[in-house]
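In the two assemblies presented below, chain A is common to both, partnered first by chain B and then by chain C.
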Partner chain A sequence: MENMPSSVFSPSPALLRARWLNSLQIILLPFGAVLAALIVGAILIALTGVNPFFAYQKMWEGIAKSNYQVGLVLVKATPLLIIGLGLGFVFNSGVFNIGAEGQLYMGALLGTAIAIQDLGVPAWLHVALSLLGGFVGGGLWGLLPGYLKARHNINEVITTILLNYIAIYIVSYFTHGPLRDNPLAEAALPQTPQVQLSSQLPLIWPPTRLHAGFPLGLGLALVLYLVTYRMAFGYKARAVGSSPAAAHYAGMNTTLIMVIVMVVSGGLAGVAGTVEILGVQHRLRDMFSPGLGYSAIAIALMGNNHPFGILLAALLFGALQVGANNMQALAGVPVTIVDVIQATVIFFVAVSAMIRWRASLPRLFRHKGEANG
Partner chain B sequence: MMPAPLLEMRQIVKTFGSLRANDRVDFEVRSGEIHALLGENGAGKTTLMNILYGLYQPDSGEIFWKGEKIVLHSPRDAIRHRIGMIHQHLMLVPNFTVLENILVGLPSPQEPLLPIQETLARLKDFAAQYGLPIDPTLKVKQLPLGLQQRVEILKALFRGADLLILDEPTAVLSPLEVEDFFAVLRNLVDKGVSIIFISHKLDEVLRISDRITVLRQGKRVGTIETRQATQPILAEMMVGRAVALDHGFPKGGAAQPLLELKGVSLIRPKVGRVLKDINLTLHSGEILGIAGIDGNGQEELADVICGLIPYSEGQMLLEGRPIPNPTPRKMKAAGLGYVPADRQRVGLVKNFSIAHNLVLKSFDDPPFNRHGFLREKVVHLNAQQVVEAFDIRAAALSQPVGELSGGNQQKVILGRELKLATRLLVAVHPTRGLDVGATESVRQFLHAQKEKGIGILLISADLDELLAMSDRIAVLFRGEILGIVPGEAASLPAISRMMLGERLEAIA
Partner chain C sequence: MFRKLLFALLTLVLSSSLAACASPQTPTSPATEAAQEEMTAFRVAMVFPGAVNDKSWNQAGFTGLERIKNELGVETAYLEQVPSTDWEESLRTFASQGFSLVLGHGDQFSEPSKKVALEFPDTKFVVVNGAYTAPNLASIALFDEQVSFLAGVVAAKMSQSGKVGYIGGLEIPPVIRNGKGFEQGAKYVNPDILVSLTYLGDFNDAAKGKEAALAMAENGVDVIFYYVDNAMLGIQEAAKGSNVKLIGCIFDQYEMAPELILTSAIQDISTAIFEVAKTAKEGKFDGKAYLYGLDSGAIALAPFRENVPADVVEFVNQVQQDIISGKLTIERMSQ
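This part shows the complex of A and B:
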């Protein structure tokens, strides 16, 4: 806007620099978090008597040594990406859904229940129906806390955490009981039968393990980007998240929007759970998720709730996981240390998100000074 | 021979990022004077005083207090030097009694016990000595704002104050309370306390102060003796050019009933009746002013009319047709624009761009929306037009509104709402916190709407504004309308008394 009137409020070089630094921060802080976690990890590895450089070399080889390893990274990133997309969407609307883990379980339960049936339909339809089941299962598990928050103003953080436990135990019940594979065998594991061949996600990059769930995640990232930043609904959802009072004043149905974003985010977690079953595990096991729904919270934060940022963060987490497994196998780093490193990454990501938040404070502060002069 | 000044601030510089809030400011206070610090919003008054109170550290410059150079690292240092400050937003604990509020932070001779008896006795002395009577056992939240301010002053005096800094102290007071307050200030000066009085209200400054220092854009414009000052001189010093002051707007106009409220009440759970049996008629081409001390139901009245809060009883009619359950959307469709009291939290989404804020209520309608997608180009064009028409000063249309000054934020809201206000407009405190220039242009915009035949409900705490703009003025007290008077200066005494709870019939 060159032709706009200049004034004391036009951006000085200092303000422009501050903005540029802010964008730089959004990119650099997550990398700083990972770097910090790797340094802490190196200290811990050294304490176990392994040369950290050797260990990290094995880690890097685990990520990029072969196509097979790259495929594994993408496979690991897939559920994190899909859950993270839903969480970024819901966080943008100011609703803090901590219940992705439970939604993932409920989605996987309903999706698997459909996938193990012999429906006699074409494969694409069987897959689609199973994924739809996953969306419905997770979506319903998101609808409940969404409704409670919108209608009765009950804190969604508490309800979603509690619902996680309920969901995990419901799945436990089904894998031990009604859906148990071969229930008469003495030593039968608590798991469902294998899903039908017609419902398995096809491998798309043989001989790697990469399945069709990953391109599905990429497509979802694009869709969510369009919805959030190009469509009127995303505009509304972000307005509700940034300023509920302003959204209400503008005539937006804030409660309905909160419920919708909760259903979408729960539904995506459910889809992620189903994708994990249809593409990787092929049967639903008791306690099958290693906390994917929680890791995805860190991924959404790290990606600044932006679909493309979330994609990068999910790839990074997938890589760390695969690399860490390799490090464990080939460098002899104990598995618990690997867990600690992953937890440390999440910790530093959370801290970096806080730093970013705090970094925006001086600007607010300056405005206060201006306003009261 | 001039006596040595009590306080001298020399060449004070303070920057926030790229903003020079204070630019080599000199400022002095003589013993026993009321020194007014005058300037528009953003001129640097509060910054300078926060430096004096130890809240900010200056980038450079020196402070001399009673002839000695001092450095203030925190308010604790300022209090130790017997400098007290009363902030614009009172800093009291509402759930504590007056006594407890005064005790907060006071050292006790009998730690860990509180010196309750001594303090009570001393408080009695103080109240008598300075003419500030108050019941120390009342909870602060039960007191009207005028008395709460008295508690703040007592608190400062208790800590020992030779100099009191008062930041916009009259902003929260009714006209009658202002009279009392000025009497208190004169009494304090008689007892040897010097006072810095921060304000942007010219008439008050002229009435109460001995000398006036004017700041503009962080720089000191000058200091003059109050008896040599006039409103035009001060206004020119503040703005940097001659300003037309407080000219009234032409009154009267078309008179079709537009909006009618019949027996409207609002009952809030646990709070009770916030609005009681409101009967009002707003005509087309009329500005109906609503006066009252803040918190007497003004904002609720606006929210009810605009459909944000459903009313509990009564009836609302638009051009004779009842509107049973008004919602923001329905009212927008009926041609209502609403400038809300809280522009930062309610009127705008602060981290959205100017362009996006300008379509906050119409993003769902053509031409801004096609098949669910926002048409950024159209949104941008719309913003370009509004920014030009309303002279909004911004770096870019994509700039977040949170970064704009208060005046420009208000213009963004006006730019959006005046377009929607094809029949009526509700404006709450539309010029609050704006500088002289921005205030003038906001009033011009409102007046132009009236000329077009739009009915305007103007809710304001600024009586001068109401008198200058309104055709009629209704006074709201504890949710009730106590009377409606013509919008002319002669109504002022009646309005003042109604603001404190007297009915119009009782006054007449």
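This part shows the complex of A and C:
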């Protein structure tokens, strides 16, 4: 009975209650995590001699004082959202891709290499080609560990972390060497030339900095939701995540599925890197990412690997980042304390994800039978 | 599955701490509740690419900002360790908060400032070693050639062999400028003097510094002016064994090797930063390339000690007077 589509039957009161509790948990735990981190942060801020209420007031103003600040939050959330979507997708299949940072760099490299060329094509095509380049660059960087994992069972956590370093230094090589902009200029920085105007993402909410990358991220969230929860492939991918052996026994090509989800995840990280270049930075610089690929892991966890949850988590992190920046600039909170607060948020998010996961254990089978109906 | 999740979480914590090293920006200093009332008051903000206690470039800039706060009595704020993702936005943060003067500490802020200066025409922007100017955007730099010219004069006066040397770190504009100034100064005293110029390709490699200094000593060079960081330790070691005197750089290095150092070509960017803020506070800000020379005090030779004869000191002082009065002009290397 458990494996029958539940929609055939009316759900039992116990099931409804469990479902309700589960949703409540999914919503409340992340908020609890952030609240706990803010309380710890307030204590630390007070210890540095700054009034925590004043600091948090500046933080809030940084997030919501004006349209401009709101636009900034969305800009910061954009790369986190796109990477997070890919990570949620791959985590659902039980593959722990820690390599989004490297995939982001490789995607940005290929995407930028296309974006700086004068192709003489319409802007929409130039943007599309650059983003495609980003997907291919990141996707290839995900393909490698995906293949090693699926085919040779080599732990993807190790390989993806190591590949991060390789990717970052490959980009260093290109920004110092072949793609470097005018190395003879006074104190020239290791960076590529500016991307062509035709490949820059348009600003969509002037005078804020919001660019077309954000709606692109929203669209991707919808697509991933449909793929994961409304298409056969998503069902299979989640089945592989729950039990690779069972999925294999059921006749699924688990090897292929693992490789595909890794390529999609890497590709989306690559798209995120390219979006950041085309929409914000307009040049690829040495060490250009402040750890976006790592922050996105926390975002996927916080969003429960669900595209819409990831959207909310990315917005929250974007807001925290912009707000924290404002708090530093205008309330005089030392940078080290701000880093500690941000790390504390991630810590509590990780803990709450663990609590949620353990709480769901006894209901695992029933929950699954219901969710897949 | 559980073990795997645990592993992933551990990894997450580890990797986020890694990321934190490479990661964002910034603190700051005081903004008070009075901020709102002081929207019209003169306030200065500065953005640093690195940590303000790095005992190097960023710290020198931060010293300037501290002087602005203490000596001009104005409110200041700053962001440090700002990653490239936020260069532009950090300038905008301060401009949008009504700061009167926003400084970017380093050439990397040239392009971001040019953009943001257009958006905030009422805010003054300054980029240290910047490349652009606009009505509300200035760049400030030190006139390195002037002080290295004086170093060349000292070297030529003190050399008995008629051979002097210059050891630079990387072959980049500021280092090249110091070498050129040194050469001109030495030839000003003695047109026939032999000046050897060497670039180590590294600011901190003491072994390379020692090698270069020994090679010069073997060729008869007896005064060396260097423009390096930690590589100076190798140069000093080599000088100890040979009959070579040294001229230091950036700050007064006499205490490091009293028997070797004749003087130092002090190049203090914090004074330039302070001066430009003072100018702006007095309402005399101009969107131009400010060049701080011997007259500003931002560059100077360190005080002479007993190892330099009085007649040399007198001669050098005269040259310095001539430069300041404009009687003697020194070419600025084109950028």
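Rule of thumb we're sticking to: the second predicted complex is superposed on the first by the 340 of 373 C-alpha atoms of A that agree within 3 Å, B and C clash if a C-alpha of one lies under 4 Å from a C-alpha of the other, contacts with A are read in each partner's own complex, and residues count from 1 in each chain.
Everything that follows uses one rule, which is that a contact is a pair of C-beta atoms (placed from the backbone, for glycine too) under 8 Å apart; a residue touches a chain by one contact, two chains touch by 3 or more.
All of these numbers come straight from a predicted model, not from anything done at the bench.
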Contacts of A:Y294 with chain B and chain C, given as first, second, both or neither: second
Identify the partner contact of A:P178: answer first if only chain B is touched, second if only chain C is, both if each is, neither if none is. neither
More chain A residues in contact - chain B or chain C: C
For A:H248, select first, second, both or neither according to whether it touches chain B, chain C, the two together, or no partner. first
Once the structures are superposed on A, label A:V333 by its partner contacts, choosing first (chain B), second (chain C), both or neither. second
Classify the contacts of A:N325 with the two partner chains as first (chain B alone), second (chain C alone), both, or neither. second
After the superposition on A, what does A:P122 contact: first (chain B), second (chain C), both or neither? neither
Classify the contacts of A:P202 with the two partner chains as first (chain B alone), second (chain C alone), both, or neither. neither
Going through chain A, the residues touched by chain B and also by chain C turn out to be none
In their shared complex, at which residues does chain A touch chain B? 1, 4-5, 7-15, 18, 230-233, 235-236, 238-239, 242-243, 245-251, 362-363, 365-367, 369-373
Chain A contact footprint on chain B (complex, rising order): 16-19, 21, 39-47, 88, 167, 217, 307-308, 327-329, 332, 338, 340, 342, 345-352, 356, 360-361, 363-364, 369, 372-374, 387, 391, 393-397, 399, 402-406, 408, 433
Listed in rising order, the residues of chain C that touch chain A in the complex are 1, 4-9, 11-13, 15-20, 22-31, 33, 35, 45, 77-81, 83-86, 89-90, 93-94, 96-97, 107-108, 119, 129, 131, 172-174, 335
Quick check on the complex: what are the chain A residues that touch chain C? 54, 58, 68, 72, 94, 96, 98, 101, 157, 161, 185-187, 189, 207, 209, 276, 280-281, 285, 287-291, 294-295, 297-298, 301, 321, 325-326, 328-339, 342-343, 346-347, 350, 353-354, 357
